[in-house]
Every structure is written in structure tokens, then in C-alpha cells.
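You will see chain A twice below: alongside chain B first, and alongside chain C after that.
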Partner chain A sequence: MMFTTRLLEALGRVWIGLLLSFLYLPICIMALMSFNASPFYQLPFEWTTGWYADLSRNGRLLAATWNSLQIAVFTTAIATVLGTAASIALFRYEFRGKRLLQALLFPPIAIPWLITGTAMLIFFFGVGIGRGLHAILLGHVALALPYVIVVVSARLQTFAPELEEAARSLGASQWQVTTRVTLPWIMPGVIAGGLFAFAVSFDQFVVSYFLSTPGEATLPVEIYAAIRKGFTPEINAVSTIIIGISMGLMLVTARFFKFGGEK
Partner chain B sequence: MATSIRGRGGIGPALPLLTPAYLWLVVAIFLPLSAMALFSFMTELPMSGRDWSLTLEHYAAFFSSGLYVTLLWASIRLGLEVTLWCAIIGFPAAYVLARVLKGRAREAIFLLVILPFWSNGLVRIFSWAMVLREGGLLDTTLNAILPFRIDIDLMYSYPAVIIGLVHSYVPYMVLTCYLTLQAIDNALIEAARSLGASRLQTLRRVVLPLAMPGLLAGSVLIFVPVVGSFMEPRILGGRTGTFYGTVIEDQFVAVFNWPLGAALSFILLAVVLVILSLSAPILRRVQ
Partner chain C sequence: MAEVVVDKVSRSFGSHKALDEMSIAFPDKGFYGLLGPSGSGKTTLLRMIAGFDFPDAGRIAIGGEGVERVPVEKRRIGMVFQNYALFPNMSVAENVAFGLSVRGETRGAIEVEVKRALDLVQLGHLGERRPHQLSGGQRQRVALARAIVTKPRVLLLDEPLSALDKALRVDMQIELKRIQREIGITTIFVTHDQEEALTMSDRIGILRDGRLVQEGPPEEIYDRPESEFAATFLGDANILRGVATGNGIRLPDGTVVVANQGTKPAVGTSASCAVRPERISIGEADNATLGEENRLKGRVSKRIFGGNSSTYFVEHRGDIIKVHVQNNGGTSLAEGQDVILRWSPESAVLIGM
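This part shows the complex of A and B:
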């Protein structure tokens, strides 16, 4: 009896180990190959940083990286501010239609990006917004907003509205209540929401793909184009950098925001 | 405690805070979706300068040509297969995570499982190319271990697409199953065991029914995006990777038949909405 339990638990641990290797093996191979001299990924392994040097001279990829970073930073700033404002309103006030407004956050998350992306392409083209970086930014903020609102609202659940009431009865103005009482309390949620927004934008491919033009593309779009033309180890190098950035970012986010709820 | 400001009232005072965010969502999500619905009934794009009229021809094309229906079925089958694999791999892992591991080890492994999910999907799909291609890691390793020589070139095949998609989406399943499994009261399992139920019976009659909302939520979260996937089949499937999503992509970036693309997208949206509305009560219970 004890023995069976032990055995099953050991098997379970092995299963988790297998899952983790399944998840991380390809990524590790890719990272390793970005340091391998052979352009056809052949062994034996020969150390080189040449592909990273090539990357630093690849104007297209560098420009796309810069575009991606800019868009991610602007998306983060805009989505965090607008999303936090909306979350506070949804928390603070009771009104008819509130449930509808909350339900409206669901479609942007749940509808496949292929549909959202092509719909944006049609509409932006139709009303004269067109394609390009501004259209990509417009789309990214919309995709990031629901995430920010959900994350900040989760943090607001732990906030006691009586605190706002107390500040108000002590003569604080609405602005003071918000900036001195509410915001400091929900700041971990706001920061986590901002990091989510950055990740959503920086990793976004599908929507950017439909809204980009040949001259104005983000990094994932350029990588997709490069992959379809044929593999080069430079893509490994840039992919390794991207995955490093996004995983590092999420590790930081995890510090601010417990995924399974509050501690 | 109902206070004056939290009391039920008009939307008025909330408007300044709400309007910017929701206006943005309307302009960038809801108006585009409506526009797509409208354009799918037009013969030409109104901004192309040519005459246009309302038509059902794109929807007729979907049902009459057979090709699109076949591809939609292929995508739905792909979605079901990927979901099934994710459940087979993800559920036991979630169980171990929720009920065997404890403390810091659990926290660390949980984070490790969901971490890849927040890194670039395109790049992760691409990384499989290195493993699956002929002369890639899988080929080399198997031939080093096995006494006989076999050629493994999974790249550009249906299994490659499945592997890539399962890799992309299995963290969802682990996450949702973990949340429901973790909430199961230990006493229930102990009670079943002490009343003489075998492990298998306990799993089937106690654990699985209680974990069902998590399994279903995970399935929906996986199935919906997989049905609309196009980048993964393109990169890993090559010529065999033609699915409903890739056909929609073609309408917009290669064939430039936007109205047809809009109709195909809209049909996909209808499929997705049916699935989401059927599963909405389940999803709500998980939260």
C-alpha cells in the first residue's frame, strides 16, 4: 500500500519531468544552435558568437526590433493608464449595464487573433487609418486592455472600499483619494497589468502581421517572413534573445502577481 | 456597507474613467468585427472604387465548393486532436502538481510550466523545426540509440503540426486543471479510499467529476485558438499544412479576395461563438 503510493508519486514526478523537457528542450536546442558555427545546424558543436554579430549588422531585423520595443512601450503606457482607470470605475460605481461592460472584455481575449486581426485590417483600411505602426499600436492597446483590466480588478478585490470612504470623510478630494489611497494599494496589480500588456504586445504576431506593411513591421512579423524564406542561424540568435526577454519579463511579473490568486 | 458613492446609481460619474478604454475597444475591436460582418456580404470592397452590391455569393461559395467545408472540418479535427493530447499530457501533470508536490517545489514547477506560454509562440514553433527536421535532434538521437538506421523527418507533416500546437497550448490545460484539482478537499478522497474504493474508482468517481470544469475550460481555451491557427501549420506543416486558417490568411495576404476572407472569418467566428456560448456556464464556474 505505502509502496504503491510511493511508486505512483515517483511516476508522477517523472511525468512532470518529461513535460518540462518537452516544453524546454526545443527552446534549449535553439539557443544552443545559435552559438553553433555550422549554418546547417550540424554537429559537432563548434562555439561561435558570429550569428549574433551578423544580427547586429542586419538592418531589417534591427529596425523591426526597435519598432517592436517602441510599440510595446507605448502599448504598456496607454493600456495601463486607460485600463486602470476603467478598473477603478468598475470597482467604485454601481450602475446598470456594468455586467455588460465586464462581459465585453471577454471577446478580445477569446476570439482567435486571426479573426480580430483580419477584421482590424478591413476596418482600418476602410476608414482610412490604413496599415503601419500606428495601426499596430491601435490594435495592440485593444488586445492588452482587457488583460490589464482583469489583472487590476483582481487586485482591487482585496481593497476595502471603506478606506476610500474614510479618506473622503476626512476631506480628501476625489483626486487625492485615488492617487493617495487607491493607487498605492493596487500598485502591484497595476505593475503586473503593465507587464502583461508589454508581453501581449511584444509577443504579438498575428494581429501585427495583418496590420504591417513591408517597411513597417514588428520583429515577429520579420521573423515569420525570414522563416518562410528559409532558416538562417540569425533567426535562432534573434529568437533566443526574444525568448530570453519575454521569459525574464514573466519571472519579474510573477514576483508582483501571484498567478493562483493572492498569497 | 452601501455608501453613497457605491450605491446604485447612474453611469454618469463612472463615465470619465470608463470612456477612454471602452472607446478604444469599440474602435479597434467591435467596429472592425461589425465591418467584417458587413463586408462579407459585399461583392467588392467599397473603397476599391469599383461598384459594389450586396451578395450572398461568398457564403454560397463556402457551402457549394466543398473545399472550405472540408478544410473547416480538418481544422476542427486538428483542434480536437490537439485538445485531447493536451488533456492526456496536462491532466496527470496538473494532478501531480496540485496533490503530490508541495511548497516551493510546487511553486517553482508551476511557474516553469506556464512560463513558455508567455514567450513568443512563433519562436517556440520555429524551435521545433530544429528538433524535427531530418538530421535534427530527434533523428540524430534515435539513430545513436537504435542499432538499426531509421530516417526520421517529421518536419512538414501532420504530426509535426500536432506536436507544435500541443507544445504551444498544453500549459493552458495544466493551469486550468491545477486550479480545480487544488480546490478538491482531501477529506473527500480519503473518505472514498477508506470506504474501500480503489485508486482507479476514486479517480473516476470522485476526482474526475470534480475536476471536470477545469478540464472543459482548458479544452475550450485550447480548441478555439487551434481552430483558427495558421502560422503553426505553415511553419511545421509545409505543403500538408493547409487548414481553414491558412486559407483565410491567403485571402488577405496572397489572393486579396477580402470579401471572401471576411465571410470565411465570419463563419469561423460563428463556430467559435457557438462553442464559447455553450461553455460559458462552465467557464464561469471555474473562475
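This part shows the complex of A and C:
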């Protein structure tokens, strides 16, 4: 009995080890290669930061990075505010069609971005929004909203409605109830939702690709264009930077989720 | 401080009438206990008075002012919830300060008031703690301090003590009553616990199916219940059924029970008579004390020892009659023994059908 338990435990560890290496090995190799002098991934490894220096002189990639960051930040701000407000409204009020509305929030998460992107492109042309950074921002906000609402609503499930009632009985206005009682409680969910929104926008390729114009692209779109012309380790360099940022964000998210149940 | 008047208030959920033309006057500065079985509408009524819900019909006035259209935050009420509902992101002192702070009072004034309120509930030393660092009784005190610090006109409590264990509950009952007297606030207290209602309330209202069954001072309801429901719901009661004879009833076996309490039903109609188990004497022989002119023969079918008292279950022609006896050292009666039950007409209440 003891023996099988130990064996299973050991197997479990090996399994997790394999899984993690499968996930992280390519990323690690890419990060390593961004510091390797050879443009053709030749060994032995020869340390250089030259690719990062090249990257700093690559105007197109830098402009695209700046675009991506701006769009991600605006998407995060807009989607978080709108999504949180929507979650609170869904939590607080009963109205006709509420169930349907809530059910309709999930499919966009599952619909392939390729399809969403095509649909947006057609729609934006139809109504005169067209393409460009503003269209990308609009598209990203639409993509990010369901994530924010799902995450914030999950957090709201742990909120006792009596707290709002208690606050109102003490004379607090709706606004005071929201800012002083409800928001502090759901803040971990709001932050996690915001990080999701940031990730959805910053990592977004498909929808951005459809909605960008040649002069104005986001980083993933620009990387794709660069790869098509010929792969250079500059791409490794910029990818390594982005992976660093994304992983950092995700770790923060995980932290907020982990402590989400804390009182 | 104010009296609260609920006048013909109705509220339906779908086809279910949670409140059915309910009318109650809650006296100024009084402690009013609302009692009733689950689903009788106690919470619904309390939430209407608080302003969390609105009546379909009828009027609610606090201190003479109609409040049907006044939202909760403007009603100047204090509410204590069953699960305390303390704000988890605030300290004890911040919780108590909340109501003053949303009204825009100055820092200095808030500090003074919070200290006074916390001292009143004897928690002056715990202001810096977070709610989750408090015991159940302490949390309830904080909730109370928070509700009264804004000097509300009415204090509403929905089963505030039901989450506490028995000993703590009794402590809190005394405490709550002391505070209520000290600040002299109109209080409406919902409870499931009849003993709690009896010991704490100046007046009790018994609800059933969204209607007020009976109301009055505790002794009055206990001594003169007007329905079998009121008799059995508030306290323990033996119900004997028969035909009205004018000043009593005739049981199916012909025995006449004389009752001096209650309203006399028309002669010949079916009626019942309620007798509290502690008002009945039980003995082997018929050594009646003066005045105990009602008597009934029976046989002890069971005795349950309960510490300071015992309960006998006596069978009389298929009916079981409960009798409480103080355990004062006398010999106890054995199961299967023939006995005679006696009680005075003063202890019997007539109830019409």
C-alpha cells in the first residue's frame, strides 16, 4: 500500500516535470538564442546582446510595440470599468432577459478569433469604422469584456448581498455602497479581470491582423510580417521581452486568484 | 424615536400572499417581538419597514410620516442582520463609523460617537480588530453598535441571536434589552424562539400565513390565547375539544370542564379549552385543594425526567395530556399508574372554533 502510493507520487512528479519542460523548453531555447551571436542558432553558444541593440534600432518593431502597449492599456482600462459595472448590475438587479444575456457572454470566449476577426472586419467596414488602431482598440475591448465579466462575476458570487443592504440601512447612497463596500471586496477579481483583458489584447494576433492597416500594426502583426520576410534573432529578442512581461502578469494574476478567497 | 404603524399592508410573491392585509402598531420606545412559524412573513414585514421591499397595498408610517416611497437610506432605521453583515474590509471602529461617515460628519464627531457606541456594547478595547478576529457574540455587539450609532428612529432585528449558542444567547438577550432600555429606541425583534420572545418583549405579535393571529403583552397572550394556534405556538398547551356549555365545555365522555378565561362560545357549538401543563396538579388520590374543581381520571403512560421538573404524559380516553411537575423531593409516580388530574377554572381558556 505504502509502496504504491510512493510510486504514484513519483510518477506524478515525473509527469508534471515532463509537462512543464514540454511547455517551457521551446521558450527557454528561444530566450537563450536571443543572446547567441549566431543568427542560425549555431553552437557553441556565444554570448551577445547585439540582437537587443539591433532591436532598439528597428523603428517598425518599436513603433508596433508602442502601439501594442497603448492598445493593451486602453483596452484594460475600458474593459475593466465597463465589465465591472456590468457584473455589478447583473449581480444587483433582476430584469427580463438577464439569464439570456448572461448565457450570451460565454460563446464569444469559445468562438475562434479567426471568425470573430472576420465578422468584425466586415461589420466595421459596413458601419464605417474601417480599419486602424481605433478599430483594433474597439475589437480588443469587445474581446476582453466577457473575460472581465466572467472573472468579476465569479468574485461577486462570494459577496454577501446583506453587506449592501447593511450599508444602505446605514444611510449610504448607491454610489457610496458601491465604492466603499462592494468594490473593496471584489477588487482582487477586478484586478485579475484587468490582467486578463491586458493579456487578451497584448497577445492578440488574429483580430489585430484583420483590423490593422499596413502603416499601423501591433507587435504580433509586425512580428508575423517580419518572419515572412526572413527570420532574424531580433524577433527572439522582442519575443523574450514580451514573454517576460506576459509571464510576470500571469504570475500576478495567479497570485490574485490564489488569494481571492481570503477574507 | 418613533412609533411604527403598519396599516393593511399586503405583499405577494407570484400567487403567494406573504403578507395579507397586515396591520400592527409598534409602540414608541417599545420592544416588540414578532413570532411565527417559518414562512409566516416575519422577514417580509421587517424588510418592508426597513424599505428593502415595498408593499403592493397598504401604508407604513414611522413617527407619523408615511414612508412607502422613502428609500432605505433615507428612512433613518437601524438594522441588525442574522449573519451580522459586518464589512470585512473595515476594522470594528470603521464598521461602526460607516453610517456617520457616509452622512459626512466630521472626524472628531465620528470618533466621539464611535467610542460611545463601542463602550455601550462593552467593546471599547476592540476597535482596531477586524470582524473575522471576533467571536460570534462580539460580532453581534459590533453589528448592534453600528446600527444604533446613527441614532435611528427604529431598530429592526431579524433573528439576531439565532447563530449564537444557548448560553451566549441568554447573555446577549440581557445585554440587548439593557441597551434598548438605555437608549429608549422603538425596537422590532423577529425571532423563532418563543422563550426569547416571552422574556424580552413588551409586546408580542404572532404571525401565521401573512396574518396577525394575536398580539399583546407576553403574559396576556400566554394566559389568554385566542386560538389553538396561539396557545400551542407560544408555550406548551393541552387542547381539550368538546361542545360549549356556556362557562365551559363538555368532553365526549361527558365530563364538563369549567373555564373562566377566554371568550364564551355560543352554547352547543364545538369549542376547545386550553390548559398549560404547569397549571395541572397530578396525584394518586383525589385530595383536591380549594378551587381546583376540574378533574380528569387518567393513567400515566410516560414520565420524562428533565432536571428541575418532570413531564408526565397522562392518557385520558385516547388523548394524551401533558403535566409539568417541579421535582421538589416528593415521590414520583410510576408509569402505568392511575392518577387524577386537577386544575382550576382560572387556568383554563375557552377557545371558540
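Throughout what follows, the second predicted complex is superposed on the first by the 253 of 263 C-alpha atoms of A that agree within 3 Å, B and C clash if a C-alpha of one lies under 4 Å from a C-alpha of the other, contacts with A are read in each partner's own complex, and residues count from 1 in each chain.
Going forward, a contact is a pair of C-beta atoms (placed from the backbone, for glycine too) under 8 Å apart; a residue touches a chain by one contact, two chains touch by 3 or more.
Since we're looking at a predicted model, the values are computed, not measured.
Contacts of A:Ile29 after superposition on the shared chain: chain B is touched, whereas chain C is not. By the document's definition of touching, neither partner reaches A:Pro39: not chain B, not chain C.
Contacts of A:Pro184 after superposition on the shared chain: chain C is touched, whereas chain B is not.
Of the two partner chains, chain B and chain C are each touched by A:Glu162.
Among chain B and chain C, the chain that touches a larger number of residues in chain A is B.
Of the two partner chains, chain C is the only one that A:Gly171 touches; chain B does not reach it. Once the two complexes are laid over each other on the shared chain, residue contacts for A:Gly130 go to neither chain B nor chain C.
Chain A residues 162, 165, 168 lie at the interface with chain B in one structure and with chain C in the other.
Residues of chain A touching chain B in their complex: 4, 8-9, 12-13, 15-16, 19-20, 22-27, 29-30, 33, 40-43, 82-83, 85-86, 88-90, 92-97, 101, 104-105, 107-108, 110-116, 118-126, 138-139, 141-142, 145-146, 149, 161-162, 164-165, 168, 199, 202-203, 205-206, 209-210, 220, 223-224, 227-228, 231, 235-236, 239, 242-243, 246-247, 249-251, 253-254, 259-260. Of all the residues in chain A, the ones that touch chain C in their complex are 160, 162-163, 165-173, 176, 180-181, 184-185, 263.
Chain C meets chain A in the complex at residues 50, 52, 71-79, 81, 83, 85-89, 98-99, 102-103, 132, 146-147, 150. Only residues 1, 3, 5-11, 13-15, 17-18, 20-22, 24-25, 27-33, 35-36, 39, 45-47, 89-90, 92-93, 95-97, 100-101, 109-116, 118-124, 126-131, 135-137, 140, 167, 170-171, 174-175, 178-179, 182, 199, 224-225, 227-231, 234-235, 245, 248-249, 252-253, 258, 261-262, 265, 268-269, 272, 276 of chain B touch chain A when the two sit together in their complex.
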